[in-house]
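By letter and in written order, the chains are A, B, C, D, E and F; residue numbering begins at 1 in each of them.
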Amino acid sequence: MRPSRRSHDEMRAVSFERGVLRHAEGSCLVKFGETHVLVAATLEERLPPWLKGQGRGWVTAEYGMLPRATHDRTRREAAAGKQSGRTQEIQRLIGRSLRAIVDLEKLGERQITVDCDVIQADGGTRTASITGAWVALHDCLSWMKSRGMISTIPLRDHVAAVSCGIVDGEARLDLDYVEDSDAQTDVNFVMTGTGGFVEVQGTAEKIPFTEAEFSTMLGLARKGVGKLVDLQKLAVA
Amino acid sequence: MRPSRRSHDEMRAVSFERGVLRHAEGSCLVKFGETHVLVAATLEERLPPWLKGQGRGWVTAEYGMLPRATHDRTRREAAAGKQSGRTQEIQRLIGRSLRAIVDLEKLGERQITVDCDVIQADGGTRTASITGAWVALHDCLSWMKSRGMISTIPLRDHVAAVSCGIVDGEARLDLDYVEDSDAQTDVNFVMTGTGGFVEVQGTAEKIPFTEAEFSTMLGLARKGVGKLVDLQKLAVA
Amino acid sequence: MRPSRRSHDEMRAVSFERGVLRHAEGSCLVKFGETHVLVAATLEERLPPWLKGQGRGWVTAEYGMLPRATHDRTRREAAAGKQSGRTQEIQRLIGRSLRAIVDLEKLGERQITVDCDVIQADGGTRTASITGAWVALHDCLSWMKSRGMISTIPLRDHVAAVSCGIVDGEARLDLDYVEDSDAQTDVNFVMTGTGGFVEVQGTAEKIPFTEAEFSTMLGLARKGVGKLVDLQKLAVA
Amino acid sequence: MRPSRRSHDEMRAVSFERGVLRHAEGSCLVKFGETHVLVAATLEERLPPWLKGQGRGWVTAEYGMLPRATHDRTRREAAAGKQSGRTQEIQRLIGRSLRAIVDLEKLGERQITVDCDVIQADGGTRTASITGAWVALHDCLSWMKSRGMISTIPLRDHVAAVSCGIVDGEARLDLDYVEDSDAQTDVNFVMTGTGGFVEVQGTAEKIPFTEAEFSTMLGLARKGVGKLVDLQKLAVA
Amino acid sequence: MRPSRRSHDEMRAVSFERGVLRHAEGSCLVKFGETHVLVAATLEERLPPWLKGQGRGWVTAEYGMLPRATHDRTRREAAAGKQSGRTQEIQRLIGRSLRAIVDLEKLGERQITVDCDVIQADGGTRTASITGAWVALHDCLSWMKSRGMISTIPLRDHVAAVSCGIVDGEARLDLDYVEDSDAQTDVNFVMTGTGGFVEVQGTAEKIPFTEAEFSTMLGLARKGVGKLVDLQKLAVA
Amino acid sequence: MRPSRRSHDEMRAVSFERGVLRHAEGSCLVKFGETHVLVAATLEERLPPWLKGQGRGWVTAEYGMLPRATHDRTRREAAAGKQSGRTQEIQRLIGRSLRAIVDLEKLGERQITVDCDVIQADGGTRTASITGAWVALHDCLSWMKSRGMISTIPLRDHVAAVSCGIVDGEARLDLDYVEDSDAQTDVNFVMTGTGGFVEVQGTAEKIPFTEAEFSTMLGLARKGVGKLVDLQKLAVA
């Protein structure tokens, strides 16, 4: 029995609340159970210097966690004077995941920055961030379309993410914090709406995993991402 | 006529939502109109080194702003590698304001850190932070009392804050962003429930202010803080 | 009786020594008793990027304290790798105070940076800095006028500052370090020569202060600033 | 035809030169073709504070790249004042990979730091680092055993890594820089000598990859790691 | 003819003003012509961690320059967030020079930090700093002796410093800023009262120097340091 | 007898291995006995901003040490977040030494950065760096000449460096780590092929040195540098 009484292939309750930030071009409060992430998409008419004049835009992401999103208070990165390796790793992952499904040429010479700030953490903050980021990005692009800045929304596909793990010898979908701490293996899958893989990041925390275990987790992920993409579609419908 | 159609001595709609963060000992989402601040109070059984062994505790505060809390995106301080002068000034102010009404001896050798993170900004983020911080701090202390860590709640009084300003020659209560940008003078008042002054910070942005103007603003502040304290009482009742 | 044997409304000996730095366009060694601040005003024919092309200039300030200005040695901020929150708060205050009385349009597209470095500290370093900064700024502007860069000195008024406090229940003018450490309340007043208020920053260190106490301190400040402005006039005559 | 004229399942020439650093307890210059990494394993009789007194040791890694290891000069991270997100991501990966095969209890309360410094880069610096790190770590542990500090070498298995990618629609083993820049997908596999997976990190640079493509790459990786482990065995024999 | 009309072997007017800082155990305002350095010696009853328990003390130095000590304003190092290479080089030199003549065993387990802050710069700030530092250090040690903390002043000798250079083909003593900018070679000599060399740092700015030129400069330095030591003796007499 | 059994005027085995880095325009692995430094010269078609438009180029140097180049592991400067004072001092020295023999006008508006990274340290890392840097710089300039970017190699002379010291009362050439730790005096000489002095940096670690001792060391240095220049000539022949 999982601590949350879910079956091994059951996701937590997932929800998207759109338009939660008055100033942002697109925004979304995404919840994967008790993991809550506030996502804001910002459009800016400027590009990083190395990208200027190439006729295409850029999508990037930043990630943060409020100090008391976690069980014990985490030191504020602004006070520490730098972003941790973990933070940088996650925000690079979110950025790559989004760029995989955006048509940067059609975006034009503009930058969209997607800020993912974890309000409350209970495992899976990076997968919730990516999944919610797609919604905020979509709404930012709709905002641009409604103003005539672009003629179509330059998204080639959906993108969503979920973690799977081996806990007590069983493959499980969408780990929460308690399971994650206990997992022998943890794999994050980032997939498109049409079933392609964008990122796969698996780590054996304690015991190396086998190809068979990997395949089982991949099957769970396919199911989970399928559900997430359905929910994204409902959310932006 | 004020942009928000309020009368000169009318506050914005103020609300406190308690217990919004699952992990924090005390938490509160405070809203002053469109200014929204998430406050978390964290109890830790440790003290800054310079305070150890003196038989009393410490209350401190940190302040942050999500990058897209503002109209245009603000650079993330964690990415910039340091907290701005403004951030440090505000978090020092919040900490002093809270310490003015806490009995640190009765708290015992513990530290409470109050994190104020601005989710959405529309003027008055520091006054909303202080006012909401009192509620989160109160709830953290109640949590301690309910666990027998302290026998009474070591709060000597309420503390709340409001800004007043001179806009278009008129003294006004609780400026929002549009008025604040336009104000000739801006004064932040931090006051106790019994009407004492804890902090007064007045700045003439354009034209020096007179003693009479100051007196008028002080009267407005007294009215505003009175209302805020009433709302705090209702919130924690 | 005050530790310095002054009466409650008596300032410390105040002096300005002009032209103490060979290279600076304006400079001044200001003393408020044992508090000594070296002020240098630097003219530069460049502006911060956000101000370019608007037809007006800028006045800014930086503040520092030599490591052994204080009773115990303070860590050098350059070695620590950052300016403290207190330093940033003070230099922002000095800059705002000066800008309140300068006609930035008449200054032209130039920047004046006023460096206030505390050689020796005995309370009131920020008030001495502001008061001395007016003299150094005046001399920098005179230097410009004598070279035909401006036709009149673009100062609308004097600006000077003094602290008042409640010590042992008594309102006192111009606190030194011993009184400041002991004060129940400490208020810094920045005022113009014509009696307007530019900044008021009051903090209840121990017990909240009342409106009556504030009024008494304000009266003392008016007297103190009046004297400081007279001394500024004598100094630059 | 691959630019290097290798067949799709052929690794570059791989070599290990042991004992290249006079001072290190274990060291190794590992080459994957034109990618050269100098690895040094350092034993220290101290632990990170959070690990003290738990009866087990720690293995950690740091990664760096000489400024001119790359085609164009890269800015020195020590001069920039921080390690890039990429650097931190890689050194965290190397550390996790090594810890997966070390028996930390048998190591005792000691820390081994494995420094991987890229002398020359031509793709695959992280996989070469992990593969060479196993050799340097092994030699450091042998050094300890020969001095009677441990009775057996506390390695549970080999660990080695290789990258695979889809280039021009073909799955290929051990990409060099030219192929890596061109790859539609790039997956790094970290595996043990007995065929378990320690880390899998796949990224679709341009087009999402399919499960079939992933399987093909996994087969190539199994072959490549098999060869690397054989070479490690020869090297330390 | 030198710009200052001095003869080639003539020093600038040198003076020491002792006891200029109220709080410091020893202090000195040293002037080499228009180069003015404020030196403060601070006694602390603590040691750097790596020196504890060895029965001897430590003398170290820090160096800084006020932003407007120079002809053009120099950026404040505290604002820049780090000390320049030049600053670190100079403060390391001052520290070594002082330690060369202090008996650290007799000092006991204490640290003296000598802060050299340049108020006004006109060439030779490092040589003035070393020469003045000896006086401040002497006075700090006298302060300790007068309080019975040490029975004798643990100074083995005087130490003083002067620069020499080749300007327009001529060897000259004690270069000021104009000459220094123009010099083909610049050598700083740090010597003891008994004529030993503590540090020699020579740099050919434009043309390599010869052994003969070096010898001539060494003779000038011997003369200059002799005079500085005489003045130190007079100052502390 | 010296620990290395060398006679007092005998250098360690010195060698230069050219072209060791595939990507660099010039490179060299220089060995002074067990001190090994990898030097890379990088040509870039850009200049520091303060040098633009003056018709001449720039040569600069950076220095680093791999963490386990030393007997005990040294903290990685990139992880510490800054370069030490020692590192900055050395890289400034290398840069000045090279600029002394390059004709910057003939180089044209380009910058050459010479990276000196210590792979293994056994004393004399700065002298080996300078000596090897000349070779890498020469090869970078040859590379430019062979591509027609310059018509002649703009080197006015050779430059090489060696340390001398007084150990056990005896003047010795080219100290290794053991001798260096023990030396009473340590002087680094940087000289040209024609016998001019570019830099002389002498430090009395324990006992001040005399003019006679200095002369003896200078004679040794002349001999050592003569030999180094002969080896440079052989290397690039």
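Simple rule for what comes next: a residue touches a chain if its C-beta (ideal position, glycine included) is under 8 Å from a C-beta of that chain, and two chains touch if they have at least 3 such contacts.
Please read these numbers as outputs of a predicted model, since none were measured by experiment.
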Between subunit C and subunit F, how many steps is the shortest route if every step has to go to a touching chain?
2
Label-sorted list of chains bordering both subunit A and subunit F is D
Going by more than half of the contact pairs matching by residue number, which of D-F, A-D or A-B reproduces the interface of B-C?
A-D
Validating interface symmetry: for the copies subunit D and subunit F, is the fraction of residue numbers used by both over half? Same or different.
same
Measuring centre to centre with CA averages, how many angstrom lie between subunit E and subunit F?
28
Separation of subunit C from subunit D, taking each centre as the mean of its C-alpha atoms, in whole Å:
59
Subunit A-subunit C separation of Cα centroids, rounded to whole Å
51
Got the subunit C residues that touch at least 2 other chains?
81-83
Moving around the ring in the sense set by going from subunit E to subunit F, list every chain once.
E, F, D, A, B, C
Of subunit D, residues touching subunit F in the complex
21-24, 27, 34, 38, 40, 42, 44, 62, 64, 66-71, 73, 76-83, 87, 113, 115, 117, 119-120, 122
Over in the complex, which subunit A residues touch subunit D? Could you list them?
82-86, 88-89, 91-92, 96, 100, 157, 187, 191-192, 194-204, 207-211, 214, 218
